[in-house]
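Have a look at this one.
Chain IDs A, B, C and D follow the sequence of writing; residue 1 opens each chain.
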């Protein structure tokens, strides 16, 4: 892979998207089958439900070099598991506010509801998030210098 | 306070002597006037030799009941107003066997912080006498009078808690109900810029030596095995090897007790580096109050916490910054 | 030591055109733990699967990663292949390098680099996978059909014919649904009642079918194979077991002002009534809002006249609870309310009617005994104008964004029927497009135009207003490019249809997904169109999307086939990806049960050895794997991390995070 | 004896900093700990007890030992030790200095801990004698004279001056470097301060603790003493006492995954923790009482029995001040130490 990345380009953020299996992951699939592009630096981890996403996973992603983390689930009311995303909503609302309280940029973490039918929206959301994070710049406040050692 | 102490001692002796309880959880005299320790008294003699209740009995005894309430026989415990919230929360989480505990509610009148007294330049404290808002501090080097609100424990400075649990009470002096805003410090931080807040916490958390005192004293941190000690959790660590680790520990710690933290203030009391840890927990409390309606953990021993309930109209995470939360 | 095999699919050119598959396979070869790495044109093909099976055997693989299309597509395929080769199916992970990579990226280097990362992430996960075995749960051999329209009737009959017990829960007093209200059906123009009512009778007479009319589903617990459903039997104030349907009560009832819902409120009915002549069950029901006895306490005439003593004014709602292995949702539709469409003057003009109202006006059993008369003055209309797409294909937000699908055909039917019966009547149809796919459909429409001389006008109607007792329909004619106004006697609105609103509650109870238009979501738009994502729940008729009678019947039969397929099994395999607590770490704090939507978590007191010969009894969480659906809400609530999710464990996800973040 | 006026201390720090690193008590976010000096930092020599002891200098809380660079299936081991820059550790209190001697016996004994050794050798220790001991101090119990000369250089501080005396070659070399800043004098002032301080120390409440029972021959008896249960009852099992202790030396070795491979590092561990010395079969000490006992038995019995009677407590009193529940070694000594404590 080295030969692909040797050229130091301008800042391209590293973005992790947690997508629930039923809506958002399917939405991403639909974006794919509709050939609706978004940058390659968005990488998706499949979880059964947005409520499976532990704040620890988000912090871990930042530690490991993510510049932005986005969590996608079914629209509230449409959760495949009935109430999962309602808990997600509270968990993330309090977590985001808390992270910002500690001085972490509030734009860095985001929640978006994307249904299985919203391929276009998935792509639009990702494009927008990449743009936001690119403007925001590298994640320095929640990164772990040890991880990047040697880079 | 002396009269309360005598009454408590008398009652404890009675309970033990009559066999009503097998043990009493209270405070024991230390080497100085300011260092009592939590203790379990099993005999009248032990009580006579060391029982104390004074202005330095700040420790929250409720967490000890997790273990003690499992023992044979009933346990009597002295709980200050703030301690009863922790007690309730632990009962709610099935960590304390309520039927094995006899709760004696005791008055508090705010506890003093020896570190704050020392910081006023008084060393070698030999005794204190509290008269209203004046504290006469005697030391080897003489006597001084300090203003009480400046030398009480942080948790006491903003306290307006009342006993939530009592099987009986020993209250000889009523503490006036006060109008205090425990979120004032949180609001100050919120009013700062992102950069300022980041700098503030960076400096504060850089002091952390990861001694786990805050965690181990916390009544909400009652896990049999903490995620930070569990190699399978993916975040286990023993030292703050990096700035990230410092933040990680305190974010997760605060998050794990969010909705369960009663704001008992023990974390800040025990921090050897005096990191204002309560400001982390209180941020969660304030946000949850603002977003989901006022909620005081430990007010009841039943019901769900804000993070284990929901409404269909809850605010979106991306919007909290424009709303009540901030 | 792990022995991972990696298989990169070209998917023809779908992946290979953008991702250098050979390079991915080559790079991955040197990943720790990877002992075999290959690429192939179509991994999902028989040969591709064979490649995997062979490699598993030859290289003694402990885990398999397939870099291919979405796991939603072929995860099951590859798991099955692995299983056939003797590897636990849950030791397979999919890296989605098609939908999430090759199809959305254009730059080959970029896409290749990302594909490598995605495959590495899947490797990181699979290394922590544990073999999982599906559990088993028994199947209750009885089905529930919610809704007694043609969809519910057909599904119930098919299931019952296969020998399984079926209950139909119908919220109205009779089964039959919307189809019972229709006059004729396209494209054959046979009488709706003539083909429907025999089926209704079949239902009533079928020994395996139990019709619970005037009933609603109140609560649903359980899971596929073993649902426990609480059904509210609404008080009809008439003893169903006694009433013979003689209708003497209807004749004698002095309160006759209740609006006749079956006739779309175009006429009235008594307070005690049987909705229509062929109702099943043929049992009366009292409308308590109209009944004088129930409103004032005085009357009781029907009771006096009832020869069998079936009237019971004191009757209360009752509840029954039954177990089912499968549930079919067939809750149907209703025309949308026209509040947002003032321009058509529906509220202000009696002679502006909906198509369903027209059905009743044309029906021999309808308010006019099948003679087409204007509601306003009972005159024969001489000019009838139809307006298509009222509220359908509407992006303004006033109506529905979708096509209601049935309107083009029934409007052609109506136009044709009017021209047939009243050749002197002029018929105009305003349309946006005429959509007639289907067997004999277009021929049908052409007959309306060519044979019956119906005047089709391509264009939208801007306004309908009353001028001197005439309805002026103002619209555009796009073909001639002119504004026209048609002086009409009757205006018929092809009103959009929407799911019956009660479906929302049903969906919530069943934890079935629902889309923004309140249509229930099918598991897969193409390949699993009759299954809801909630296992054991199937969808028939318009509750899933607009459709006409033949389509509804097909879907209902398809549902029945699925249900039968489920009910013939004695036991079901359960999803092994469920939550499970590490009892040694569980504090028994009960937080997890608070967030479980399925009630899958209970607490038990368990004895633990402490060492030194001591033991301790501790309260710990216990998950019922047959009830748990595997969402993971509990895992995040658990502060100690004792609760974890099989197949999506915290360790696995953390490991994926680590791998995916690596640039 | 040499001296420098207090107002000029900053010049002294700056001068040292020109050629060496300077590790000195600095106030940061309200707390005083040893940090690397820099212009503008708030030095606080007056602080009697830094929260963490200066052992951090040689035995940091966390320290990388090596890296494993992985590429595909290859692993390369990389030594991360760099040439240690010379450092001056400034302001070390006598008790903390004696604590370093306790650590030396562990880390410099065979097999030598080369990480510790390289730092130790590159460092010149400047001690600062005590003049205002606190009630929690009890170094005298362990034969330490808080006014005496220890380390490569010893200093004394009063309201006007810092007095300076080199004790070793390293100390002389440092003194030579600073000769422009230091002037002769101060013997009388130092002697007076020493006398006054000693008088205070003699009267400190813990200065006469009886250690007589803490002898190797009493090991079993002490180990089995029923008092441990009661003494440890309130212990939270946190690591505060061990992390503020100048002589605690236990560490854990852990791996951290990086983008390139693995960093192997060591970090302080605490015998008070439930997962301390966790092994495959479980833990050798399963109760907090056992862990509590381990710590104090080690300080007062096990370590001295292997080091010619040298206790591994220096009486700094940090644990007395910092234990959240006010348990500490003094209470243990008083309970088990000997008759005079009764």
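Here is the rule we use: a residue touches a chain if its C-beta (ideal position, glycine included) is under 8 Å from a C-beta of that chain, and two chains touch if they have at least 3 such contacts.
This is a predicted model, so every value here is computed, not measured.
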Comparison of A-D and C-D by number of C-beta pairs in contact, larger one: A-D
Taking each chain's C-alpha mean as its centre, the one farthest from chain A: D
Distance between chain centroids, defined by C-alpha means - chain A, chain D (Å): 46
Computed distance of Cα centres, chain D from chain C, in Å: 72
Euclidean distance of C-alpha centroids - chain B vs chain C, Å: 53
Inter-chain centre distance, chain B versus chain D - centres from mean C-alpha coordinates, in Å: 30
Touching two or more other chains - residue numbers and ranges from chain C: 595, 637, 650, 654, 658, 662-663
Contacts with 2+ other chains: residues of chain D: 256-257, 259
Residues of chain A engaged with two or more neighbouring chains: 55-56, 60, 64-65, 83, 87, 91, 146
Residues of chain B defined as touching chain A within the complex: 186, 189-190, 194-202, 227, 233-235, 241-245, 247-248, 251-252, 254-255, 258, 280, 283-284, 287-288, 291-292, 306-312, 314-318, 320-321, 325-326
Complex contact set, residues of chain D against chain C: 70, 72-73, 257, 259, 282, 286
Residue ranges of chain C in contact with chain B within the complex: 584-591, 594-595, 603, 616, 619, 637, 639-642, 650-651, 654-655
Chain A partner contacts - residues on chain D that touch it in the complex: 67, 69, 256-260, 263
Chain B to chain C touching residues, read off their complex: 70, 92-95, 221-227, 230, 232-235, 256-257, 260, 304-305, 307-309
